[in-house]
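Notes follow the structure.
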Amino acid sequence: MIPAILLMLGIGATCGIVLSLASKIFYVYEDPRIAQVENNLAGANCGGCGYAGCSAAAEAIVTGKEAPSLCIVNSKDGVEAVSRIMGVDAGEAEAPLSYNMCEGGNRAADKYHYMGVSSCKAMDAVYGGHRVCTVGCIGLGDCIKACKFGALDMGPDGYPVVDDAKCVGCGACQKACPKDIIQVKTLTEQLLKFNQTHDPLAPCAQTCPAEINIPKYISEIKAGKYAEAVQTIRMRNPLLLSCGRVCPHPCEDMCRRGLEDEPVSINQLKRFVADYEMNSGSRIPITCAPDTGKKVAVIGGGPAGLSCAYFLRRIGHQVDIFDAMPKLGGIIRYGIPEYRLPKKVLDWEIQGILDLGINAFTQVKFGVDFGLSSLVASGYNAIFMGIGAWSDYALGIEGENLDGCYKGIDWLSKFASGQDIKLGKTAAIVGGGNSAIDCVRTLKRLGLEKVYIVYRRTRKEMPANAVEIHAAEEEGIDFVFLAAPTRVIGDENGKVKGLEYLKMELGEPDKSGRRRPVPIEGSETVLDVDMVISAISQAPDPSFKDTDPTPKIKDLELTRWNTIDNNPETLQTSIPYIFTGGDSATGPSLVVTAIGGGRRAARAIDLFLKGKPVEPVENSLLGKRIPESIFKNVEGITPIKRAKMPEIPVNQRLDSMIEVDLVLPEDQALAEADRCLNCCRICYNPDTEFPIAK
Amino acid sequence: MAQSLVKEFTKGLWAEIPPFRLVLGLCPTLAVTKTVENGIGMGVATTFVLVFSNILISMLRNIIPSKVRIACYIVIIATFVTIVEFMMQAYTYELFLKLGIFIPLIVVNCIVLGRAEAFAGKNTVIPSAADGLGMGIGFTMSLAALGAVRELIGAGTLTVWGGSPIFEIGHGYIPFQFMVEAPGAFIGLGLMLCLMNLIGQK
Amino acid sequence: MTNTKLIVSHAPFWHSGDSLFQQNLNFLIALVPAALFGIFKFGAPALGVLTLATSSAMLWEVIMAIISKQKIAIADMESAVIGLLFGMMVPATMPWWVVITGTFVAVVLGKYVFGGIGGNPFHPTLVGIAILMMSWPAFLDFDTAYVSYQFDFTALAPLAALKSQGTSVLSSFSTYDLLMGNEVGGIGSTFGLGIIIGGIYLILRGYTRWEIVVAFIAGILITATLFYVLHPDTYAPPLFHLFSGYTLLGAFFLAVENSSSPVHRIPMLVYGFLGGFMIILVRNIGIYPDGTILSILLINLINPLIDVIKPKALGKGVSHA
Amino acid sequence: MIKRSFFALSKPRLTYDLLDTSLQSAEPLAVPGSLTLLLPEKIDSAKKALIGPGDAVKKGQKLKLYDDSTPYVLSPVAGTIKGFDSYSDDFGNKATYIMIKPNPSAKGDEQWAQTNLEQTLEFAVGHLGQIPGALPFSTLANPDYDIRTIVVTGADTDLLCDTCQFVCSAYADQMAAGARILKAMIRADRICITVPENLSVQVDLDGFNILRTSDTYPSNLPAMVMKDHLGKVLSPGTIPENEGVCFIRPEALVSLARIYETGHPVFDKVITLIDKGGKRYRVKATIGTPISKILSCFNVQINERDRVIIGGPMRGLATYTVHHPVVPDMDTIMVQDRDVIAELSDSACVNCGECIRICPANVPVNLLVRYLEANLYEEAADRFDLESCIECGLCSYVCRARIPLYQYIRLGKHELLTLRENA
Amino acid sequence: MREMLSMIVVLTVLTAVSGGLLAAVEQTTRPQIEEQVLKFQKEPAIKEIFPDATNNPIQERADVTADGTTLQVFPAVLSNGKKAVAFEAKGTGFGGPVGLMVGINIDTDEIIAVRVTTHSETPGIGSRAKEDLSFVSQFAGKSMSANFSLKKGGGDIDAMSGATVTSGGVSQAAIAAQALYKKLKPEIVKQIAN
Amino acid sequence: MGDLFVLAISCIFINNILLAQFLGNCPFLGTSKKMETAMGMGMAVVFVLVMAGMITWIVDVYLLKAMNVEFLRTVSFILVIAALVQFVEMFLKKSIPGLYAGLGIFLPLITTNCAVMGVCLINIKEEYTFIEALVSSFAYAVGFGLALVLFAGVRERVILSRVPKPLQDTSIGLVTAGLIALIFTIFRGMV
């Protein structure tokens, strides 16, 4: 025993002394991070990484030659620890995934027969590949060969399919693809992707102001993957229940099927999956990137603000929403009547967004209850102003202030917030937009005997959604076209008695191609009404500039329409840390435009928060169309009836405010989804003779 | 807590089973798997060392200075290895003879040091024990599996304990001796690894 | 004319017309004399073994291609050559299941796992035979294999006899007998003349590289001569080594396998010579009677190391003007 | 096509064709109803193009896309621009094609009649780009190169081709005149001309430094001429221009002489057409003429899966459309019937060594192709002499596994350049 | 400095504790281990060499020493009353030492039998030395002065075919036994006599 | 002298530490993907093994055996080797950076390389003299390096061939190593 202890004591002491001396004598400076990284590697010195031992691997990581995930033996926590040491910020440490942009390159025609090296890269070098499509998948599977993890496979439709479970986001596929079709993106990058001129986009997806990947979600519906379809929509639009109800769907105007047949009822399909989720009783989980520790204030809880907050939250920023009204939703809560968008649905939708971890403060008005300086002082790194356009334009005619005269949005929001409103028996609503229609249809439901719409042009020129106009007609609204109000006639009590208007006729077309209405002299006519609502458009309310005591707010420039001046690509305002979007940036516009704007602002805010230059998206499509994708005719289409929107019969709906439009039943939704040609930039699926074969 | 313990334990059984998933500890895997018995014996010995060294290292992890970390770990491991050596010599002598030089070489088995560095050096005692046990059992299973394949093909028998086979392919079977030879060990392990990759892909 | 789709490919637009099928077909043709002689000498069982070996090798190729969902590549006849060579190296009495196992090992372990044609670092047939030899040496023992046969010559495998009984047995084997196949051995490995004719045919047709063959034979002759000159009593003369066992088959057909042999001139000479040298070394001082199989595998192994000796590429080392 | 011989112990010998003396002259082809010009610049949608559909152009007018672009083409005819669009060339080079509808009634090129033809390089660079024969003015004017030697490729570089030989013999006087102009322009030390050693036709080549090249392929390729006749070996990755040598076509000299002789640009290009049976036709076509016009002129039928090759069988370029226009550097058009097209395969290299034996540059093709297949371009260049390849195509020609080796190598070189540019 | 000191101290203490612990374990297990060695390595060989021993050679084992060489010997009394002794000698085989238990008739100096005790040879080739008795039985009856080299080296022993090296190892061991016997015989005789 | 030569040959070829004794396989597979790495590792092993062989022999003979505490062999050997490797690494890094760049980075791999420990144990087990131990250490290390370089040569090519996906990397590496082990049996009985 004693010799053993002595011996070991001796050896141990010798080794200890030698090593500790050596570590002093032979000290060489090296990046301290190497030791830290090495501590977080598996330390097995197994050589599995291809480097000679863990310290060599650590050095390679620290010098940036290799990724923090180099060590094959390391645990997930270890990789994260290494990433942290390397100062890779958490936002970038989120796992990237491979993402396929072209779904169905083999549908494009061939321009030649190819013989040679079987690789996309090689074929791309020969006149850009054999496919006529310049951006589509060549289909020789370079990406699949490049994937070391077996996460890619050639799908049955001739394009690579990514298995998310196996993808580690190494980016090998992206490097291998000569066409930029496979892109490895983090969640942040995916959420903040905007359409670019070189993307393989269907006409509908190019048109959608929110840039939703429409063919993708329709094909997911086709395959019965409703949850996936919801996820696809949510990549671009958090308010799918609302949009599914109120969106005027510009996408359908560009639907290729519409060239030969009726367009696919895209919006109804959106509503179908959105309602599917709501009615399923549970919410589909929404993933968020790791926290970045940056705070953003969103002023205005309308569609733009909600969208911006949602995307900022998903990419890992902390977001607080401030709204002047008692409840979030903005114009879609207070401007859109219950029968179009039930409040219950809206509540459910907004709750889902807040559940991501967004705080909402209501009944606080910017410029009054809080101001710029208080936000800055509270540590917000950026501000999004989505204050909407709530101030109605005045008609500018005599008698406008008589009792019984109201302004469109003002009236709608008062009604929506349950304030008591004195009603008459007959009403005239001036204007041809959606707010005007909302007013008339609401009034009709409130039991008015006669409700007129007074519009100075014809039905064809009405900016309101065609379906809305149609529904109003069905519900028995009286349309007075080519009428320019000149005076509100009041009685002795100062109450409205009638509306005088001048008849118009259409003159020569103006620059915009619309024929200008020209007044007919002496054609004054009086409409007997006891209520007049002017709903002729709105502008943002600029009062905050005066009420906010912060001097800096004076730097925020407004346009002559009182919208907040901004760079339309980045939505950055004249104060670098303030961004805007929605109606306050564009003037009154579509809900879906506001949602798209919110997302675009989120991208700019993200760049701003990460200290990167806030630059526009390169080759941004933004409102443009890809010329080669716009067809004049589409071959191989057999007309199939478009699914009809189910709705409550007119006689039942006028009694109450219940929702008029109903959701498509599943079979019809599937049939409608089947009508989609699954278009891409130049290719599409023609109808086959035997629909089953599809 | 319990859940994470189970996780630490089970990862060694499949998700990170050495040496198939973690390609570590190849030398004993190749050398001692002529029979199932040897494989199990080696596995158990390694498990013992893994568990106890993991426990001790996790206990001492705050005391040991990082510059002499490896040396200290190695001393601890070597101590347990020597204890195992004595035990095997005293109680399972035949096995000891068969495993020969590979018992002391558990010291340099990269799994043991690897777990010490990667896990025990950073975690508390109980998870470290679970990790060691899981890895050890996983290692034992791998060795037994490879041993079974090699013994079955190369000798036509399966020997689990005590020298006499528990299973023998009929007398007409002429053993494919290549499998119990050195080259067969490499190829057998290589093909099993391929099999594991195939299963893993599913 | 507007809608005709043309073939687009890269230059050159001509091809010499050579193909793998041509190459392997010529290999098979070159093996015919020796194989026919084997069938003639060992009778129907030899025919059976050759057919089984060739067909089972091709079958394994097909099976593996199906399992791994790859393109079936038996049309290039590579596996037929592997199988036939395997058959020619084993005794005619080899049981069917040994043949099938052997070709499995050869095709799958020798070739398929390395990615099929062109990927194998070692000669597949030799991998098969070497593994069989380690597992079931008894089936490759030519002395016991032919006990039931009646031959009009010494029915002893020359090399095994040399190993166990020393140089005294040499008198039983005349060079003429060895050359004309009057010895026991693998079905197709005894008829030296046939192998030489086939081998020369292949060289002339340009399907094997003469440098390897010449260097290989030179390696054998020179090394054997050295040993023989030093100790004529203990070691056999060079011609005996050249014409016995697998030597000729190795020189003309095995060492020259494309994928496992060098392509540059100096490496080819080194490779061949080393092969010959190792064979004699094994026979004279090693434990195996014949060393051809392992020797060729050994030179296969060093092939990647020596095949880097190559002529300077055009302009290499020329400095910028 | 030359096939492998039965006894193949030695290398296959591919020999150049000598001038086909049965074709004494080139048949002029009328200006077609539509011309296509290729402009080596890609369309930038962000910029405003200078030209647009409907614009009238004059013969000899300089057409360029944008104000700041350098590349331009000269319109070979007077007419109207029908449109232009982008065109993907080899290796992802983006170009623009411009369609012009000739207007036969428009005449004259006042612009040129007024221009004072200067015999300077600056003038040529600015006004004579893309003349038939593609004289590389921009290379000659490039300050990075110190061009001291001009080599005129009197011997065609590819098999089967004899256009250059034809031009040398048919327009020898103009060629000599062109050479004098060029020499004056660039102050070159010497102008050499390669001539096949067995050429029996007597050509008057006074003033040229005659290099007699052997008839074995690839001895007429620039790298081989440099090595065998100029005593300069190109180091890997360099081009003859780095060594001060520039290779030009004889036709470029002829065009040069004619321009200065007539005072007007010339646009007719001598082209040899080789039909499916190997028969040659000689034609003089206006630049921009679609190939299909030439084909139909000689009743060459094109079927599905045939191959139309611009250039010779070893180094040419297979086009995917018969609408491909005649371009200044197009000498030969070769048509292959689908029945004679050898199948390629995607088999792995079997290491047979044929390519090693035949490679004139000693490139270890067998290993090189493995690295190229694995996209290891840097390694291929460092260890396996990727850049030493002189691009003769012989390795592909003899490849037993029928791997498109030459394509791999070209692609590898291209990718290597991209890698280095990005680095 | 503090760091250095802690490095030295920790390492030293750790090694010392390890040394002590191991020494303790070693002491506890030593008797058991010795017994195991006898039981598994030597006993079977001795039983085969002296199938008819009337005593228990294992129990009567003794260490004999001469000129600094110590050897453990197992004396046996055969059924015919003759005295014999067995001991182990080592040679080098293919994969390491080959242990050979040699049983010798003390009176005649003739080998009674030999058995291979330990080997680490290739299974199937070298391991036959242990199982295939025809090889080891060549030694039986040979005088201790015979030439135990292989025939190849000019001796009397036929090598096992295909296992030349192992045969050589056994032969080496036998030769080693010869040397040991020659050196220690007087001591052995003395020992047995007691 | 002749015996030492025979011993060396036997250690390099016949009892090759990697292919016949199964020692040092982890770095064998890990560092054989590239010829450069293989060469570096081979040299590093030669360097360390010779030193370790000498030191452990001295420790064994003059300390363990002398003090009759042979049971401490494992623990003392490994400690000595680990300390040696770490020392050499530090020394090279500071004093001979050029050599460190070539060999030093492989040193950490060697601590857990069972070939080193194995050879030291074999030296003791076979009761070699100091010179023999030196020769055997060197020869085993050379054998290790030789096998590694040969393997790397083959593996560099194998990596580039179209190995089926599940077999790629380690799996095919092991199969190749197996065939090399098979080939190395050619040296059996040569000394």
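Think of it as A, B, C, D, E and F in the order they're written, each chain with its own count starting at 1.
Keep in mind that, in the parts below, a contact is a pair of C-beta atoms (placed from the backbone, for glycine too) under 8 Å apart; a residue touches a chain by one contact, two chains touch by 3 or more.
Worth saying up front: this structure is predicted, and the values here are computed from it rather than measured.
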Could you split the other chains into touching-connected groups, assuming subunit C is not there? one piece
Pair of chains joined by more contacts [C-beta pairs], C-F or E-F: C-F
By Cα centroid distance, the chain farthest from subunit D is E
Averaged-CA centre spacing for the pair subunit C and subunit A, given as whole angstrom: 69
If you average the CA atoms of subunit B and of subunit F, how many Å lie between those two points? 21
Please report how many Å separate the Cα centroid of subunit B from that of subunit E, as a whole number. 31
Separation of mean Cα positions, subunit C and subunit B [Å, integer]: 41
Two or more other chains are touched by the subunit A residues 3-4, 6-8, 11-12, 15-16, 19-20, 23, 44-46, 48, 111-113, 115-117, 126-127, 150
Per-residue overlap in subunit D, given as positions that touch at least 2 other chains: 305, 320-321, 341, 344, 348, 404, 407, 410
Which residues of subunit F are in contact with two or more other chains? 20, 26, 29, 69, 71-72, 75, 79, 82-83, 86, 111-112, 125, 157, 161-162, 165, 167, 172, 175, 179, 182, 185, 188-189
Tell me, which parts of subunit F touch subunit D in their complex? 157, 159-162
Touching subunit D in the complex: which residues of subunit C? 1, 4-20, 22-23, 73, 76, 115-119, 203-207, 209-210, 258-261, 263-264, 307, 310-321
Subunit E-touching residues of subunit F, taken from the complex the two chains share: 15, 20, 69, 71-72, 75, 79, 125-126, 188-189
Complex contacts: residues of subunit B adjacent to subunit E: 34, 63-65, 67-68, 71-72, 75-76, 78-79, 82-83, 86-87, 89-91, 93-94, 97, 100, 177, 180-181
Could you list, by residue number, the parts of subunit C that touch subunit B in their complex? 101, 109, 113, 131-132, 134-136
